[in-house]
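Sharing a structure below in structure tokens format, with a few things to ask.
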Amino acid sequence: MVIVMGPEATQDDVESIVAIVRAGGVEAFVSRGVERTIVGLVGDVTQLDQANLRGHAGVREVVRVSTPYKLVSRENHPERSTVHVGGVPIGPGTITLVAGPCAVETPQQTLDAALMAKAAGATLLRGGAFKPRTSPYAFQGLGEAGLRILADVRAETGLPVVTEVVDARDVDLVASYADMLQVGTRNAQNFALLQAVGAAGRPVMLKRGMNATIEEWLMAAEYIAQRGNLDIVLCERGIRTFETATRNTLDVSAVPVAQRLSHLPVIVDPSHSGGHRDLVLPLTRAAIGVGADGVIIDVHPHPEQALCDGPQALVQDDLPALAAVMRDFPPLLGRTAAEAAVPA
Amino acid sequence: MVIVMGPEATQDDVESIVAIVRAGGVEAFVSRGVERTIVGLVGDVTQLDQANLRGHAGVREVVRVSTPYKLVSRENHPERSTVHVGGVPIGPGTITLVAGPCAVETPQQTLDAALMAKAAGATLLRGGAFKPRTSPYAFQGLGEAGLRILADVRAETGLPVVTEVVDARDVDLVASYADMLQVGTRNAQNFALLQAVGAAGRPVMLKRGMNATIEEWLMAAEYIAQRGNLDIVLCERGIRTFETATRNTLDVSAVPVAQRLSHLPVIVDPSHSGGHRDLVLPLTRAAIGVGADGVIIDVHPHPEQALCDGPQALVQDDLPALAAVMRDFPPLLGRTAAEAAVPA
Amino acid sequence: MVIVMGPEATQDDVESIVAIVRAGGVEAFVSRGVERTIVGLVGDVTQLDQANLRGHAGVREVVRVSTPYKLVSRENHPERSTVHVGGVPIGPGTITLVAGPCAVETPQQTLDAALMAKAAGATLLRGGAFKPRTSPYAFQGLGEAGLRILADVRAETGLPVVTEVVDARDVDLVASYADMLQVGTRNAQNFALLQAVGAAGRPVMLKRGMNATIEEWLMAAEYIAQRGNLDIVLCERGIRTFETATRNTLDVSAVPVAQRLSHLPVIVDPSHSGGHRDLVLPLTRAAIGVGADGVIIDVHPHPEQALCDGPQALVQDDLPALAAVMRDFPPLLGRTAAEAAVPA
Amino acid sequence: MVIVMGPEATQDDVESIVAIVRAGGVEAFVSRGVERTIVGLVGDVTQLDQANLRGHAGVREVVRVSTPYKLVSRENHPERSTVHVGGVPIGPGTITLVAGPCAVETPQQTLDAALMAKAAGATLLRGGAFKPRTSPYAFQGLGEAGLRILADVRAETGLPVVTEVVDARDVDLVASYADMLQVGTRNAQNFALLQAVGAAGRPVMLKRGMNATIEEWLMAAEYIAQRGNLDIVLCERGIRTFETATRNTLDVSAVPVAQRLSHLPVIVDPSHSGGHRDLVLPLTRAAIGVGADGVIIDVHPHPEQALCDGPQALVQDDLPALAAVMRDFPPLLGRTAAEAAVPA
């Protein structure tokens, strides 16, 4: 941390800052100039409240120069991690395809979508039983009935299940059915939920908040990790910008940046970011090209009847092209498509 | 709602759309041109899933032309509402000052801050016992002990209490102490929490999500209203933009826009949006000038020791200027400063 | 400037940085820790290319801690400046109303608008003869014929003229008619134009780029100042954000922030930021409340026939309310409404 | 175009709108409901001023449903175009690599960079002689001396030259040396410059404004096209968002969206968007994966001495990996790497 003080800072102001810093067990080095005095802090500054230092007389700026997250940081864990979900790896050596319907609607629809996903090369099944919707008048998901459908489809297809939880009170219930818990973009700073999934004993897929900086995203992961769970997969799903031609703006650069800052795997959701079926394959190729460890994609047997996000779901006719991407691109990145633990 | 179809749309495509719409009990008027065919929908389109119509053959665009919220809309409730909190009005005839510490730290600090607030003209006390913090290593609030302090300070000062709840599981607990429940910016789309506060029987202050459009903010309010609670006060607290000179960008225009679209009162938080003590008074004057029904402001007896957001808290020396604003500006807007129900 | 080096930085890397810095005439203070080494720079760092220091081995971050602009900075010029336009002051003691039509269309329309402006308290006339339009198919302004109309209306009303220039080749022409040159938001980083208006011998109104940070805005002003012209008025006119309910998001906080960083006057354009007539008066009150040194407002005798931005122009019926704001609000801020040099 | 009128619209208001529309030669179809009346417009609405219709009594919203650009639109030109620069194609069948130094500094540095570019597979040389810089104190380019260096290096390497022009007054000069004129992000709405390059008889590379919507970008291209020049290549180079971990946010989705809306080729600049050397190769793979028609990349023999944007330039050691991408990825997209017209 670096504290910058202005020309109006007195000798007393500087000494007062140094005293506070040293009381916190941190070394302070003072560089005094005419226009600015710079106090360099060396040591563990986690306990120094950055904001308060800003409030002291003479202080112009407080610049943090180390990462505020520890457990998910790559600094202390240089090797990139692999997370296993029902035996399926997500990590640096593979490209994992997670696919399925946006929302679980009926047993048949879910099974059909799962078979579509599998045919395209998916080794994990996505599907929502609890849907966070902007409008209270929109379909909110089947709840536990949806979880039971997912479990049945897993039994039939062998695909482990990734599903969202939106309420800390439901975490145990969802964890009893799911192989991986998903935290959605709207809950990316729902800290009660993050702590609850951290304690649930299941791998977690953490979507980036649509307005979260990469640092805030990693801080959200740190909330989960603090509860003893490091089986976290980060998922870039588009951020909110001024551009309205797409649902959100897929921030592909966030993938290599997050991989440099954190040891956690990073995947991409090309369906929710683009919001249009026609964009899913191009964005999937972009995601793999930029170095993502996997993608999560909506498929639906009859998207024109879908209760949620139909326009972005891939249909039967799109699957051969998706399968070709999953076959042809990973080798160029020195990876293989992730396989099921025990092929079903 | 208007459905725009491209030149590739066949007669069958158009008829298919019209059939779907009419099946939903809505009238459809077709205007066919060379480049575009426009299908105008007249009636209650709430049940027509906008997204799915987008997926049909020939459809280029689906444009919603009525508001997706009903209970909080001003269309069906032209008169602007007043919400009463412990007898204190927030509404079109008054300017209400809510003030207090960002976080409850000790009984003495809370009492001192409350007395500062009162001296400046505040008739409601703010103070957080549950703090949503970006970092898991930051102070997270005193919890129930903090609520008890707030209740004690209310007893001593007569100021009704506004305090945040961050977890649906805590709503009953917080409601048992608070006069008004606050939902913060990070929980603006935590729908489980919105529904829980909607059922809690207390007025709610709903902060705008820092990435929420005004429409999404009103949809969040609709979640609360749907549970039978229309005592909702909207609070603009700054949105996230590219500008980093301020903590967030206070969107003052959102105040008159939200007041035109909704009958709910709208207040402004100049402390959290600007993030700097020096900006609080200018932004307070801007808020009142633009037509806000009140402001909510951080004050702290010793901000350099504050456990949360010290740099933005007003101090003792700032109070006369704040009191002057509360005295001089409301009359220019044809309002009065809101008074306590029973002066303490 | 502070250079942060990572744990991988060798002793040689650090010494190499120090050597480069000292070669640039700047002192370097090294604080070495386990995780980070911090090199604090003290002196005039203008000539050190920040970007290149970033490229050196071992460097993690380069943090600038002093302002990159000099001439417009308040650091070297603590007193806020007043700019005079045809004798009318824009500065800290006054609130100046600039008003007129968005575009000059006809002599009669321009005169009518000028008389409306004057009736509302305006002491400067705005009006565009060269209009930068997003679409090449939209009205682009009357050019020199429009400038002649403005000069005629000035002669008749006594109001000095503020008008936009969009092409460096037109600066002399426009300067021969105008009392103040305006640089619009789309040209906020058109450096050739900035340099040309800097050399033209007229006061300049510099609108903030709709995507410019406050620092970039001040750097644009520095381009003008470098050519010897410090008669610059900054104009906040809304920035581009995700919110689409308003044309742009008026960043009122930018006014006090820019006034703290720069000695230049800062005014606000409530017409172009909001984009709706109904927002102009609320945003005008917000602008004055936040401390702006003036406002610039579109008025039009017949906005339904306007060739540009009709929906945001105030009409005759709005003028009494605007005049009341100009009469009642300045005294609360310790200011007076700016008067004409020689009342006409 | 669709005009939406509210419940307050009288029969007269509706008829008045219809009369205006028909006077403009456009058909109007009225669908009247209880809450809304919808007027669908069919025909060429280019001449109807959208903004003014918004100002009429009873009008709530005016929704444009056709594209406002004509010449660059794909509607009237379904086949995607190929632009040739000195014989090198940029278009749907190829992937073109444009590479070179950000700024021309010396003959040797430019030649070295050009040879690096060529070794990596580049068939066009980039290099700036006129540099738009945020700070007036930064290196602004060598001007005509730089253009002469570029011409010399072209003679030596056979690589046609792409170079930026920042001032309409310099267009003829730059066109006399360059094979392709580049318009940079800061000039994306400098309409005088766009018109000048449109008339210069050279292909143009038009960078997207960092705050431009895709529609505004295409409107800027329309300004060029209107002057008779359709040899335009669009270049996505990152947009400004709240994320500060990268210089800008590369909007890869904009590539397929722009290609669907316009027949013009679209390339990507991974150097300026990411701003870090480490991001260039991942973003290049993402760009090719998403369907870009080429990439433009900074290379520099000694980036630690570069006068502009050194940290993002690829160095000698990066070239084999870049060459491998140019060799391996195009075939997966059904393309070939673009070759020189006459191999040098």
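Letters A, B, C and D name the chains as they come in the text, with residue numbers starting at 1 for each one.
Assume a contact is a pair of C-beta atoms (placed from the backbone, for glycine too) under 8 Å apart; a residue touches a chain by one contact, two chains touch by 3 or more.
These numbers come from a predicted model, not from an experiment.
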Minimum number of chain-to-chain contact steps, chain B to chain C: 1
Matching chain pair for A-D (criterion: over half of the contact pairs shared, by residue number), options B-D, B-C or A-B: B-C
Selected interface, C-D versus A-C, where C-beta contact pairs are more numerous: C-D
Length of the line joining the C-alpha centres of chain A and chain C, rounded to whole Å: 39
Inter-centroid spacing, chain D versus chain C (mean Cα positions, whole Å): 27
Set of chain A residues in contact with two or more other chains: 211, 240-242, 244
Chain C-touching residues of chain B, taken from the complex the two chains share: 211, 213-215, 239, 241-246, 249-257, 260, 273-274, 278-279, 282-283, 285-291, 328-329, 332-333
Chain B to chain D touching residues, read off their complex: 2, 4, 27, 29, 31-36, 38, 40, 42-43, 60-61, 63, 65-66, 75, 240-242, 244
List of chain D residues in touch with chain C within their complex: 46, 49, 51-52, 54-56, 68-69, 132-138, 166-169, 186-187, 189-193, 209-211, 216, 219, 222-223, 226, 240, 277, 303-311
